[in-house]
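One chain, subunit A, appears in both complexes that follow, with subunit B as partner in the first and subunit C in the second.
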Partner chain A sequence: MSKRFLGLLLVLPALAVIVLLFIVPLAASVVGAFEVEGGHGFGNFVKSVELYRGDTIFTVLIVSLSTLLIGLFSIAIGGYLTLGENPRAVAILRWLYRWPMFIPFIVVGQILRTFLAKNGLMNNLLISAGVITPMQATAFLDWRGIVIAFVWKQVPFVALLVAGAMASIDRGTIEAARNLGASRLRILIEIVVPQVATTLLVGLILSFVTMMSVLSVPLMINAQSPTMLTADIAFRINAYGDYGVANALGLISLVITSGVAWIYLRHTMKERA
Partner chain B sequence: MTTESFLELGGVSAGYGASRVLDGIDLGIAKGEFVALLGASGCGKTTLLRAIAGFVSPNAGSIRVAGRDVTRLPPDKRGMALVFQSYALWPHMTVAQNIGYGLKLKRQPRAEIARRVGEMEKLLGLDGLGDRKPAQLSGGQRQRVALGRALAIDPEILLLDEPLSNLDARIRLTVRHEIRALQKRLGITAVHVTHDREEAMVMADRIVILDAGRIAQQGTPEAVYNRPASAFVAAFMGAENRVELWGQPSSGRFEIESGPANAACAVPLEGRPLARGFVEARFRAEAAQLLAVTAGDAPPAGTLEFSGRIESVSYPGGLWRHAVRVGDDVVLVDAGMAFAAGEAVKVRIPSQVLFLFNAPAASSPAPTRSRQGGDKSRSLEASEA
Partner chain C sequence: MSLVSASPGIGQRFRIDLWWLPRALILALLAFVIFGPLLNLLLWTVAERWYFPHVLPLDYGFSVWTRVFSPRGNAMDSLQNSILVAVLTVIVSLALAIPAGYALARLKLPLRSLILLAFLIPQAFPNLPVYVNIARLFYQIGLNGTITGVVLVHAVHGLVYAVWIATAAFSAVDPELEQAARSIGAGPLRAFRDVTLPLAMPGLMASAIFVFLESLDEFTGSYFVGAPDVNMLPLLLYSAGAGGNYQIASITALLLLIPSIGFMLIVERFLKADVLSRVGH
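Right after this comes the complex of A and B.
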């Protein structure tokens, strides 16, 4: 037995797992997206665009807005952990901010459903505090609820990455700016964030992809129209057994996330050049 | 100490947690003076610099600039600029942006910033590099950008935290002179932290030697080099050879008794507070003379003479370096010609290069210490260092 053959044999199990569990199902659903009655065509895509154009835009807007807010909050948290001058406040924040990371999306949906409902905890608190009257109370269980759920769940993850990157930059670069008279906000924006930009971008892209694939949150908080593509995919399969349109919607999601990944790749290529 | 201090430290103490890093530092620095803070790692020199800069707040004491108390002021309100050991250049900004950032913070007009940055680039020999990022520069260029960034805001005091320690040994020698020349030209007050004795000697008007958070000695380079105030300073300034002797002061002279390896000798006391008892004699390898034992003439008055035996010879360049066994100690002595290993020799040390300090135990004689014996292990360590 040649050495070459032995080497091939050694990677075979791993290769088989990738092919069987990843490439084959992906290819099947890509092919499935083009399968229409009696052959192949773009029928599923035409149907998807007709029925779910609004939901596609809704999904992209919600996820983009959430990504933006996640970026802002995680910069704020990481910035305070790095530049904060009150050691006790920094310690409390460091202890607190990670908790949502360990809560599953479905539980996040459940918590926020009771919290944001018309007679939920948030409105009850606001009413008893006299901020709003019972007549003004409205449910947040629409796009706002989804954004709140996504941001609440994903900020700790990105903040963890960003705070780690911020902690490892040369403290001298921060002190040099302070020495020249930069305020803490300027140091954060002009000195710290540019040095952790790549990490921030990676965290945000991972969050974007994660949010694109979450089903439980839109189902729990906002299952009526417009809703997110994941809920539509589940609906096509569960209600109609319509795998063709579901596959087409899946492919559209994949194209959107690929677009984001492409932005990331282009950025890192430029940085290396 | 200068009569008119521009930067004045009074009883500055600082520490992290329970450990005390600085212990009552009093120091006055005149306008335009270049002062080097010299010491081994962990002596508190960087903490002292950071306290002056405003990054460490002292537990006690005051820091004044031109009569103004700046002890509690933030770093940017002190009229000082710090050059960091790591240079701490902002990697995402170009050279011009790095140098101009301080001016941008001061809301200077764009044209004025460009003019000042151009001036700095010219001053520091960075012409044509304005659009480069720090990663595209050599170590020496980065160091100059860091210097330019600090000088661009026209500070009254320039603080340098081991700015040369990350440079190649060869570049370091020229940069020393460049920084010194620049400081003289600008007439700026500078405080320079270093652990490199030669660097401090070459650059500074005054050297402040720190030991365990206190000032061990301060003075001009030649004063500290030629008249060390303590055994620590002598050793730090290169007098690594250490031999124990016994002697007593007598009418303006210190009479050294003859020992197993040395002849009796009297050296001028010159105001040194030496007491009767054991003394630690320290001298530099290049300050001693090595003679063949057959050389018949007697040593000149005031010159200490040891008899010893060559243990080994090496050639570090210029002079031959000999390890000579003298009694229980081994000392290093340089000579223009090589002696053979095993050869019996005489080591002569003129009084002006022989530093004597009362051994720590001299005031309360330890019973274990015999007059002839020395602290063998310690002196070996010192001479090999």
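Right after this comes the complex of A and C.
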């Protein structure tokens, strides 16, 4: 009994910080979304839908496309690390792919803004290689820039998780399939990926939530309309001090991520059962 | 399998050589995608003049560096603030996470998995609306635009890593060692301080580094709670970039990049497999 009490006492301060500085403001944002002048109502949502319907769809499309690409690239990287037959190429890839993982989003925004700009290194090299003419050079600083930034930054993280899970699956099934003459691509799709599906899903959902809350990348790469909801929320606060619509937009992005989190919870419940 | 590749026949060796063509092409492409943008950043930090359609900068030099690091430049101020906030965040997060992690790893707690899950909440919800409302709350109690306010906001996020890694680090320490210390007469605090804590130290160091980096790189919370009174490196990077000054923005980005890359290179030394395998259990 006293041991339980002691344990709770030790956990309590940390838990209190989370409750006071995260859960209370989160609740405040939910309540604030319904606060209109002189009471409560759906006015903020009406205004949000009127002004930002396009940006909401834009956000969902961009984050979904990025998640899809992150999934594909991480499976490809993890798959090669697991099934690759040339040890030297595997070693090079293992050394190479992790670099962007620890680079902060704000730095990713800055380096891709200069890299993808009209006079960025990418266009300059394409021009000097004769692939495009200087007149054809265009900046990638729109939805493509945001997707590239998200994929660039998040693939190493998901690939690390996926490669770890792939390394721990039973080699016997892979060898058996290989002895039966299955191609490596088929082994990857039919044997390896199903066994790491849970890890892949966790990585993708964490990435989805992260991308939904990143402010710096849309601000730095593409702050003009259409842009992402995070940039709209910051604009609502900074330009108008309009907490009502900002909170309504926050609640909308919360509902989108909750939908994704629900998929995850349902999946893990099935796993535990 | 390694036996086969160690002694290839003539035909097989020839085939492997041919396979290097697509392999090298894809690896080179990947290397360009990863290092191209980083190289571009490095070029910007030493570019004096660089405009379209020149492939490379016209003049190189360090004049912007001397301007950024001059005593009157605001980079030094931001750097000091960023490091101060990061160190304080580590202290606050670990002071909260070490007792919590120990309790979660060792003591029988009711609703243990629910408590562990609670520390994940800041990672599981989009935190922008939360920061907006914290800023509003802090404004009322005078914490907005103070170092304390920024540290508190960073600590909430740091706790996710700190508590989870600390819990894993304490679970990886054999409880019998502590019991042995107790049985030869050490008090509970002494057994913790002299036996369990040193053994859990590598894991705790890893969580301290995670928290430090997370705080150093944090933008959104600093933007709403700190700016414009508390200047931090990510805020300086943002405002320099927004003002079109890519040299200053790139130098700031490089300052933020070095600790992150350094950490990537040493992280495996601190995060041992026995701790990693216990994260989340």
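By definition in this document, the second predicted complex is superposed on the first by the 255 of 273 C-alpha atoms of A that agree within 3 Å, B and C clash if a C-alpha of one lies under 4 Å from a C-alpha of the other, contacts with A are read in each partner's own complex, and residues count from 1 in each chain.
Criterion: a contact is a pair of C-beta atoms (placed from the backbone, for glycine too) under 8 Å apart; a residue touches a chain by one contact, two chains touch by 3 or more.
Treat the numbers as computed from the prediction; the structure is a model and nothing was measured.
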Exercise. Have a look at where A:Arg113 lands relative to subunit B and subunit C in the superposition and call it first, second, both or neither.
Key: second
Exercise. Pick one for A:Ala28: touches subunit B only (first), subunit C only (second), both, or neither.
Key: second
Quiz item: Which of the two partners, first being subunit B and second being subunit C, lies in contact with A:Phe105: first, second, both, or neither?
Solution: second
Practice problem: Using the superposition described at the top, determine whether subunit B or subunit C touches more residues of subunit A. | Solution: C
Quiz item: Regarding the shared-chain residue A:Leu69, is it in contact with subunit B (first), subunit C (second), both, or neither?
Solution: neither
Self-check item: Those residues of subunit A which subunit B touches in one complex and subunit C touches in the other
Solution: 175
Self-check item: Partner subunit C, residues of subunit A touching it in the complex
Solution: 3-4, 6-8, 10-11, 13-15, 17-18, 21-26, 28-29, 32, 85-87, 89, 92-93, 96-107, 109-115, 118-122, 124-125, 127-128, 134, 137, 152, 175, 206, 209, 212-216, 219-220, 230, 233-234, 237, 243, 246-247, 249-251, 253-254, 257, 261
Self-check item: Contacting residues of subunit B [partner subunit A, same complex]
Solution: 53-55, 74-77, 80-82, 84-92, 101-102, 105-106, 149, 153
Quiz item: Any idea which subunit A residues touch subunit B in the complex?
Solution: 170, 172-173, 175-182, 186, 191, 194-195, 197
Quiz item: Can you name the residues of subunit C that touch subunit A in the complex?
Solution: 1, 5, 16, 19-20, 23, 27, 30-31, 33-41, 43-44, 50-56, 96-97, 99-100, 102-104, 107-110, 115, 118-119, 121-134, 136-137, 152-153, 155-156, 159, 163, 213, 216-217, 219-220, 223-224, 234, 237-238, 241-242, 246, 249-250, 253, 256-257, 260-261, 263-264
